[in-house]
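Heads up, the next two complexes both have chain A, just with different partners, chain B and then chain C.
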Partner chain A sequence: MASRGGLTWLMIIVILCNAFAAAAGLALFALAIWVAVDGYKLYPISGVSGKDDIFAGAWIAIFTGFAYFCTCIFGIYAARKQRRSLMLAYLIIMFIIFIFECASCITAATNRDYLVGNSNVVKKQMLQYYAEDSTKGREITKTWNKVMQDVECCGTDSPLDWVEYNSTFRQLYGTTYPWPLNCCKRLSSFEVADSQGCIIGQTSTMFTRGCFTHIESVLSRYTWAVSWYGFSVQMFVFFMLLIAMVYFTQLG
Partner chain B sequence: MLSMLFILGGFIPLIYADFSATVLTMDDGVITGRFSDSVLLSLPPCDQYAGKSVDLEYLNVNTNQTTTLNSIFTVANCSSGINTVGSTAISRNIGYQLKNLSNGTQYRIHYQIGSNKSAPTMATTRSVPDFGNDLSLPARSGAMVVITVILSLAMFFLLICLILSTVMSSA
Partner chain C sequence: MEVYLVLCFICMLPIPAKSITTVDCKPAINESLAAKITINTVILQQPRCCFDNLTNLPCTSNTCEIWLVPAVDTGLSTFDANKASSAILSLSPYPTAFTGSSPANYFLTKVGLQSDFPCVSPSPGGYFRVGADGACSTTNCNGFLPQGSSPSFKYLLVDSVNKTVLAETKWSDSIALYTLKDPGTLGDGFAGRSGAMVVITTLLSVAAAVLLLFLIVVLALCCCGGKSKGSGSVVGSVMGSFRIPRYDTHHLKDPAPYDNPAYEKERKYTTQDTLPKTKATSAVNPVTQDTIKLQKI
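Let's look at the complex of A and B:
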């Protein structure tokens, strides 16, 4: 049985750690909201493939982040009151939240690997769904048009993707247009600067780099926010819970 | 004497082939010169053949069929560079687009300007396969392995400690 002084110090440590964890949980909540809002508007690329667990992980992290915040405040109260029943309730609730947050981190990292580990999935999706007249097709077409214009790129790895492989776009528009006109440079009035040059393939009239670098960096950024920051919060909470368990066993 | 004749004979193709029609590449300012139904060919040198009319002959290697196109274009002066008006590659002075080819086929192409014949060049049109029939799973990133392993161990360890601390404090 620890002395009164030792117990008081342990109580102070538990309270401080809980305060820090509450702040970290709130930050996780905010970061996960940023991911779920999807400012770069790339959700259809993961949604259409059926592997949208980066965003599912973000939604879980919204709830676990806020739950960490509330439970840690309860933990400060429970530690101050020095009551065993309250500390036990705190430990059990924190453990349940810990499990959910683990699920969020792991699933986000795994789905990122599937989607953008290499450019195959994104390229196949682009070739199959761009210009297709279905719900998925319209979503993908809208997303790709936005990306090609904003980021000034064409195709997944390069414009050659449109020429090398069969695609829905090619089936619909034949070989008159080797690639979509969104690959062409535009004037500030949004008109295509030189559509004939773009169709021939003059490099001065169109975008020549691929869009995959941008898509990969955005989805990776979302994933690292949810999985790596979530992981660092988990590591802190892990050691904090160990200290809280020691405190719990020392309570009379 | 015979060896001299052989050596001289080896030079004969070079007497005619002082230029060639090459397929355009990224270095020539286009994305690609090879499409599935056409190829973009370089133009004959303007310093020697400006103003001359050009014929083109190509052989389909598979079917062994030769096609000749007469007076397809006139070589422009050297002073006119690549321009941005006009709807075809030839009107922009980039190259000549040989159309109506079959996909995935090899062709042997050469220009004919008067009595001058260019060195033949081999060009293959793109075959356009479907993509993604053999998608391989991308490699797992290190991040995913680290996060999964460490968090799984942490979860397990916490569960054991929770049970132990409950048992110890009630004993």
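Let's look at the complex of A and C:
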């Protein structure tokens, strides 16, 4: 009967799609671990502001990625066994994981927009918390010192951020230093190359570009890893589940 | 009498003070430095080649001093009115220059000797920072400018012996200092939605809703019984009973397939897997189950 041959073909398609989705889910798992580990050490910038859902989305994606992997292997077994109860269980579990992964993608993209949509949030945080003697202040100071030295930048949009705006740093050190000494170029012995030149702003002794482009690109990179890759996995799983539902209805 | 009158006239004529030469120089900001303007300091270019063309000076380049006048608003005219005075250096001390009910709005501070600023500079990148001394209290110290004001500057050539002004440059353009902004004014509200976020949110929400809908439909169709639409043909062979959907009755002259009304679809008939494997039950080929072949058992 043609229908029996058709059913076999459908079963093969379902099994192949599940194998591919298992691999994609495992890749999502690995990518989300990379985001959660935060190799660029920029977590305090989102943590202090209270909107750290880029990383929360990454944690959810770790679990959903691995769950996709396991459930798709179960789906291969269920499709092979050609039993309705197994396929139904498979469909329901996949749908639940689908919902969670949707939440992860959406929340990561939304929080990225809040944090780095424009430079105001990051600038305000820098002015308020840099050099402040509180837990948040110490975290922000450490993060900014690392960014300024590694990326060779100063301030959010430019060093003039320190000059134009009032800040905790200005209250503490403003009479002597217009900007932190981390804005200055250093010798390989970590001493400041020319502190007088840095204080008056000689461009050869200090960094003159802003750090916001780097911060924005890193947080965007994390977000697109969780959001866009998660979205592509979701789209594939969506069509695979439609095929699986058709297969489910064909089972006796 | 006329001689007496002429003498009186001569006496009354004010003895002209040695006039102050104005050189064609204008102090300017040192544009190459990042901190050229802050809220209370300014970094100017050095006064090179400004006073070098003057002759008949009572002092040499080793004894002539160069001084700076920062002045705000009315201070420009006040200084110009007082500049010929011999006590000009201490007429407006820095601590009271900008305070009080009617401040002078200018002060004088020493930049250096004229020989420190030769026309051809030995090393590039010379600068003079106005406000370098901070909040100081001596008469001619290089203190902070008033925050947010727009001062103008003028270099002076001063005789170190009798402390009078010999020559001056023109007034610079007024340089607006920054006023300190409060970071609370940075609006950290709605920063705009990126296109990516909109796409991801809408497509995923629609996909989740569609999946839920289809899941409910599939469950309703398949698990709640009743007539099912489009469920396709029955899979698996129906064997072991003569419930056959349609069969040929060979006794008729014009045979037409007979639809068996006793045949019910979707009932759980025994399949080939569940029957005991004897020759009798394996006699009917499940592939061609619609045609019955009589065989010897």
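By definition in this document, the second predicted complex is superposed on the first by the 250 of 252 C-alpha atoms of A that agree within 3 Å, B and C clash if a C-alpha of one lies under 4 Å from a C-alpha of the other, contacts with A are read in each partner's own complex, and residues count from 1 in each chain.
Quick note on the criterion: a contact is a pair of C-beta atoms (placed from the backbone, for glycine too) under 8 Å apart; a residue touches a chain by one contact, two chains touch by 3 or more.
These figures come from a predicted structure and were not determined experimentally.
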Looking at the overlay, does A:Leu91 come into contact with chain B only (first), chain C only (second), both, or neither? both
With both complexes overlaid on chain A, does A:Arg4 touch chain B (first), chain C (second), both or neither? second
In the superposed arrangement, which partner chain does A:Met206 touch: chain B (first), chain C (second), both, or neither? both
With both complexes superposed on chain A, which partner does A:Ile106 reach: first (chain B), second (chain C), both or neither? both
Thinking of the overlay built on chain A, is A:Thr175 touched by chain B (first), by chain C (second), by both, or by neither? both
Chain B and chain C contact sites that coincide on chain A, given as residue numbers: 84, 88, 91-92, 95, 98-99, 102, 105-106, 109-110, 112-114, 117-118, 120-121, 123-124, 127-128, 159-160, 163-167, 170, 175, 178, 200-203, 206, 208, 224, 227-228, 231, 234-235, 238, 241-242, 245, 248-249, 251
In the complex with chain A, residue positions of chain B that touch it: 26, 29-32, 35-38, 40, 84, 86-89, 92, 94, 97, 126, 128-132, 135-141, 143-144, 147-148, 150-152, 154-155, 157-159, 161-162, 165-166, 168-169
Give every residue of chain A touching chain C within the complex, in rising order. 1, 3-4, 7, 84, 88, 91-92, 95, 98-99, 102, 105-106, 109-110, 112-114, 117-118, 120-121, 123-124, 127-128, 159-160, 163-167, 170, 175, 178, 199-203, 206, 208, 224, 227-228, 231, 234-235, 238, 241-242, 245, 248-252
What part of chain A is in contact with chain B in the complex they form? 84, 88, 91-92, 95, 98-99, 102, 105-106, 109-110, 112-114, 117-118, 120-121, 123-124, 127-128, 158-160, 163-167, 170, 175, 178, 194, 196-197, 200-206, 208, 224, 227-228, 231, 234-235, 238, 241-242, 245-246, 248-249, 251
Under the definition above, what is the set of chain C residues touching chain A in their complex? 32-39, 43, 125, 127, 129, 134-135, 178, 180-184, 186-188, 191-194, 196-197, 200-201, 203-205, 207-208, 210-212, 214-215, 218-219, 221-223, 231-236
